[in-house]
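What follows is a set of structures for review.
Consider the two complexes below, in which chain A is the common component and chain B and chain C are the respective partners.
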Partner chain A sequence: MADQTQSTPLDLRAIAPHLLLPLAIIGVVVFFAALQPAMISGGNVVNIMKQSSLFFFVAAAQLVVIITRGFDLSVGANVSLVSVVSSMVMTSLLPGLGVEIGVFAGVCTGLAIGAALGAINGVLVAYARINPFVVTLATMSIFTGIATTISGGFPIFNLPEGFSFALNQMTVLLLPIPLIIAGAVAWGLHVMLTRTVHGRVLYVLGDSNEVAHVGGRRVREHLFFAYVTSGILAAIAGLLMTAQTGSGEPNLGTSLVLSSIAAAVIGGASLRGGTGTISAPIYGALLITCLSIGMNLQQINGSLQPVVIGAILIFGAALDAYRTRGR
Partner chain B sequence: MAEHMIEPDAALASGHPAHKAGETLIELRDLDKSYGAFKALQGMQFELRAGEVHVLFGENGAGKSTLIQIICGVQGFDSGSYRLFNEPVSVMTPALAHDKGVSIVFQEFSLIPEMTVEENLFLGHEMVQGMRLAKTEMRRKVHAVLDRLGFALDPRARVRTLRRAHQQMVEIAKALLWDCRVLILDEPTASLTDQEAAQLFDIIEQLRADGLGIVYVSHRMPEISRLADRVTVLRDGKYIDTVQMAETSEKELVQLMTGRTFDEFFPQITRSAGDTLMQFEGVTLQRGMAHDLSFKVRRGEVLGFAGLAGCGKSEVLRAAFGLEALASGEITCGGTRLDRHSPRKALGNRICYFPSDRATEGLAMSQNLISNSTVAALDDNRFSWRGMLLKRPAERSFTQDIVEKLKIRTPGLNARADQLSGGNKQKLMIARGLSREFDIFLFDEPTVGVDIQAKLEIYDVIKTLTEAGKAVVIASSELAEVMHMSHRVIVMREGAIVGELDGDEVTEQALLSHFFAHEEPAAQTAGEVN
Partner chain C sequence: MPAQTIQNTARRNRIMASIGILPVVLIVTCGLLALYEPRFLRSSNLINVLRNASFLSIISAGQMLVIIVGGFDISVGAIVALTSVSSALSIVWLADLGIESVAMIVALGCLLGLVPGILVGLANGFFVSVMKISPFMVTIGTMTIAAGIAGYVTGGTPIYDLPDLFTREIGRGSLFRLPYVVYAAAVVLGLLWYMQTQTRLGRYFYAVGGNEKAARLSGLNTRKYIWAAYVLSALLAGIVGLFLTARVGSGEATLGSNLMLESISVAVIGGVALKGGVGRIPMVALSALFLSVLSNGMSLIRIDSKYHIIIIGIVIVIAVAAESYRESRRAGHG
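== the complex of A and B ==
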């Protein structure tokens, strides 16, 4: 049976899934560039990099919980609440404490809120054992309601320019700062998922809670921290998006729920849990951002975009069903 | 006979054999099938006649599954000939096989738990009248088939509520609902108790008398000797021989299968009972599956738990590993009381447990071999720095070692657990016991659904552990296994310990007399013992 353990040097069927998404992304860019050369203009390329970096964080937030066979419908609400509260903190501290401290406090508050919202989801899913769909559907409503209430429904203006500069306009070695942050976080997440005990356990418990439990893993703790991680990632998205908009927006994340799931799933994470790597939110974010920017350039009606996102989600889920057929 | 398509009622109502006994139903000649460079089948020969039970016998990975999948059209074949009902087959699909009357009962059940028996039976083949489901007609047919098989099942019961044995009956009823001439059973008794299996054998014998051709995949000797007319032996994807059951012996079959002589099936394990490592005192479980348990687990010996399925022996092991909550009593390990017991605490106390249900508790099926082999030892210094960062090279080399040591057949270390066959899955799970230092090993049904070769290898692991001074506890529904492997046997009935036998007292007669409260040991049960 020696030949069984030998792997064939070039197995196209094994490589094909890894090539599919990069090819699809290139295909989308080429398609829109053919219709509208502005697609590959310098300015637009920077735009694509920035947008997909922002979007990467919500897709990654989704990935971490999808691995555990859950998902997080509250990422968008988290983004909105973080945007509103961190903006309020910054504008109120600015006159007294100056730009640096004000921005720093705003960012820390944003991250802390993200972690807290994730912890609420985590407690309810991991310790109270409530279905993640129900939990995050409810917290989505709650967080959105709080964001709207404390902001009175209006955007919060007069954010310090230093904030927008530091988290959006700055470039390092010609690369926009959101891309740098996304790269660093992606690397960190990759290390967490593949090289830490926590990451390993997330995959195992996503496959089967019982197996992880019988294997002596602290299932509830790991599950809890997956939701906290997801909350923090969503908060980073909230801060970066606020820096881009230049104001705290109570409905900043409304459209992100479905598209974040779509990005993670089309990127290769399975809703059955237990699979998905860091490449899923990266490819997913790039694909959806390129499509969306391309459609904007073509001046396709903005109302059609949700149609495309929905179709992508179904297509991604169908691909997943195809991959795991017979299992 | 090609026009003889779906005509279920004729066959059901009359009960007449569709074929004369002895007529050839399936004929495979020189069949080859490869997956890439891996030759799954080479020069396979197989013939099935009407009115016979033809057993496929071989180790894991010998090609039995590939063969039955080719017969029922799930897999294609590369070369050779396949004749079904005397007609050459070039392309076979599952739907075509079903239409022609080839039905298969898979090892893994294909029933939908939330649907009723009736709905499951017609799943995908619903009968319609115009646009509506022909419910009356379907109900009538269900009754006909259940009556024919003598199953007392409520067609409206949800499958989820049925016991495994009854689910198996639904599977068989599903196969026989339509005119069926070839029935393929893939290890049908894997999850049945002895009595349930005996009932299944009666049905199989009845179907054989009706003139069906039955392909039966199993590696359990007692049922092979009871049922088989002919046995085809496979080894490493190659056809070895087809023998008449009447003219062969268990010894010869195992020799054909393994290619080596059959000496002693069960190993001789040297007993050197030492200190008590674990003690149960008056333990009663919250779920009420077992009560008033008191016993000791000692180093250097194998303690067996015997009893009928559902007697509570598995729950005892689960309690020892912290998977069952105690209502009263206490479990001590190494002199300390195990309060707030959990698997994590058990592992910390050097207790290792191998669940009987590999699929739900044992292995993370879509994770790779490495994840599965080290999952219980991730906070050990061997595989991580302070339980945080993984030592991946150590994990990889450990997994490589156990793959070689336990002879796990796998496409590679990164293969998913569900790509392995039953015996190899079991070995992968057992690998966990070698991932860190343990003193107590709890085996719940260590060889269920495992072929003979893997069984021998697992027994060898148990021997090595015991002789190295570890404490081994086995709970097994297979009487021969628990009898021959254990130095001391505790017999359970209805959740209570009813007897403890030591050394020479462990005999079949003594065990069986404890199994049953009032009745004499049933002859039929005794007959199933190797």
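== the complex of A and C ==
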């Protein structure tokens, strides 16, 4: 059906899917603002910007692999492990080397660990050809185990003030720093996905693995790097979240796995692979963040909030099934 | 007689291929454990292992059915929690109604307790088979919904005051020294084995998972079988929920939180192919036994529980890597 409507560019049914999510987000904000004016107070808007920026990174990490018809169940464990290790590096280097070098080393270690964890997933998925679901299920429990083991299960306190300031509280032109970083990364990802060979290969891979092979690209390398990218994005999320909580937490990312997939899919990435643009994690992160902040302001019972998210998840997936039925 | 030798080797290879290395690994693990830690062989410990393996194999059998028809059931753990809460609530409610016979209360309460779980299974089946939504998304959604409802209803506090008949008899009772859940597992596995190997229904499940389109074109109502697999999986998860509730003695919204991962791990280690159409009950039972022996052994030799998930994760990777290596070799030769 979508194909027939494409010939008339101003047909409402052709542009409706693109307007649906922004309208839904605005609708959610207006709905909660009507119930509780605090929803659009300055402080809360900054809060929404920060939270959705943090959430954007895990959703984007998920998007990169969902495009290839994969999954990354280990993003949450990745976030936890990065949080723990970078905090430990910072607190141990702080007395000897000063704040700047300590924070810099912590951030670099975090990113390197994210890349390494992504590389482990990538090797197993791309070179050992194991189902991504099973691979990341297993690495999820391995990474979580390592995070709780090296931290002893306790949060790591006494992070330098400068770290929290630089990655969470600082504002540039009135915009919070997580939003700036998210914007820059989103732009970079957008260019990578649409303007580079690597990006195109990822979409082809998701559409049909065989076509990608026949096309003569070194498919395994591209698939491998998709998981590395995903790992780095999750590491950025881990660093920013650590800066926000102010301590290294071994269970920081536990709840992120399912909601990151939810955000990417609600935003328009298909689990059948081959589709999904950078707008998917942006819209998805904004929608879920606005919903949960709104429900918090409305003091809806904490156990009922996942029920709402779950219902939206199924709704988003149903929408996806409807969209792709023609293909 | 070289021809016959070749035939014999071929037959042996075929038998080896169909059994796989899991039984060998299981026996070696048990042997090493028995040598290293004699407490492993104590009958109380072996019964403990068998009990855990029974819980695990019932829920994994359901997971296997769903994977055979080409799906996933992420919601099994949440169904265990939901059933725990709903059965405890209905037993307490029935007791308040003033029904005389305790046996009646327990029986009715268990039956009522299974209802919410089966509803979740029906919803899973509907969304997957009729609406054609990715099973992963559907069951993640129903998982969060079921877990949320279970948490909301209990408000975070367990439901106590369950009758002794339920907690002592079903939870801790035994026949010939074996807990009841072992017999339940034997019955469930036996029935499923019979269904899979001896009935047409069982073959239809494989047909749907192996090639849904071909199955549909040859006249099977594929929706029906996919739906049935999700309902059966939910029912088995519910049964595990009942036994676990009786075992811990209260209705808890956090029960079974790691059973989802464990059931998928058991299925994967037991050689159930995630692309559907492959999977056998005996292997799943062996695999459940193997995981139970492994975690029991790790506790016995005092490996910190934090390492358990690391080791189990590594075991999964090795199992699946071995499987895909075997498959690629088979594809290469054939």
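The rule is simple: the second predicted complex is superposed on the first by the 318 of 327 C-alpha atoms of A that agree within 3 Å, B and C clash if a C-alpha of one lies under 4 Å from a C-alpha of the other, contacts with A are read in each partner's own complex, and residues count from 1 in each chain.
Please note the rule applied: a residue touches a chain if its C-beta (ideal position, glycine included) is under 8 Å from a C-beta of that chain, and two chains touch if they have at least 3 such contacts.
These numbers were taken from a predicted model, which means no experiment stands behind them.
Consider chain A as the common anchor and indicate whether chain B and chain C clash or fit when overlaid.
Result for chain B and chain C: clash.
Does the superposition put A:I300 against chain B (first), chain C (second), both, or neither?
So A:I300 meets neither chain B nor chain C here.
Figure out whether A:L313 sits in contact with chain B (first) or chain C (second), or with both, or with neither.
Only chain C; A:L313 stays clear of chain B.
State whether A:L124 touches chain B only (first), chain C only (second), both chains, or neither.
Only chain C is touched by A:L124; chain B is not.
Check the residue A:A38 against both partner chains and state whether it touches chain B (first), chain C (second), both, or neither.
Neither chain B nor chain C is touched by A:A38.
Touch check for A:V30: first (chain B), second (chain C), both, or neither?
So A:V30 meets neither chain B nor chain C here.
Residues of chain A touched by chain B versus by chain C: which partner has the larger set?
Counting contacted residues of chain A, the larger count belongs to C.
On the A-aligned overlay, A:V134 touches which partner chain: chain B = first, chain C = second, or both, or neither?
It touches chain C, and chain B stays clear.
Considering only the listed stretches 98-106, 116-124 or 512-520 of chain B, which one runs into chain C in the superposition?
Clashes with chain C appear only in stretch 116-124.
Of the residues on chain A, which ones does chain B touch that chain C also touches?
Dual-contact residues (chain A): 272.
Please output the residues of chain B touching chain A within their complex, sorted ascending.
Contact set of chain B toward chain A: 36-39, 61, 236, 321, 323, 343-344, 346-348, 353, 355, 360-367, 371, 375-376, 378-379, 384, 387-390, 392, 409-412, 418, 432.
Contact residues on chain A for chain C in the complex?
Of all residues in chain A, those touching chain C are 71, 124, 128-131, 133-135, 137-142, 144-146, 148-149, 153, 258, 261-262, 265, 271-272, 301-307, 309-311, 313-314, 316-318, 320-321, 325.
Going by the contact rule set out above, which residues of chain A touch chain B in the complex?
1, 3-8, 11, 195-198, 200-201, 203-204, 207-208, 210-218, 272, 274-275, 324, 327
Could you pull out which chain C residues touch chain A in their complex?
72, 127, 131-134, 136-138, 140-145, 147-149, 151-152, 155-156, 261, 264-265, 268, 274-275, 304, 306-310, 312-314, 316-317, 320-321, 324, 328
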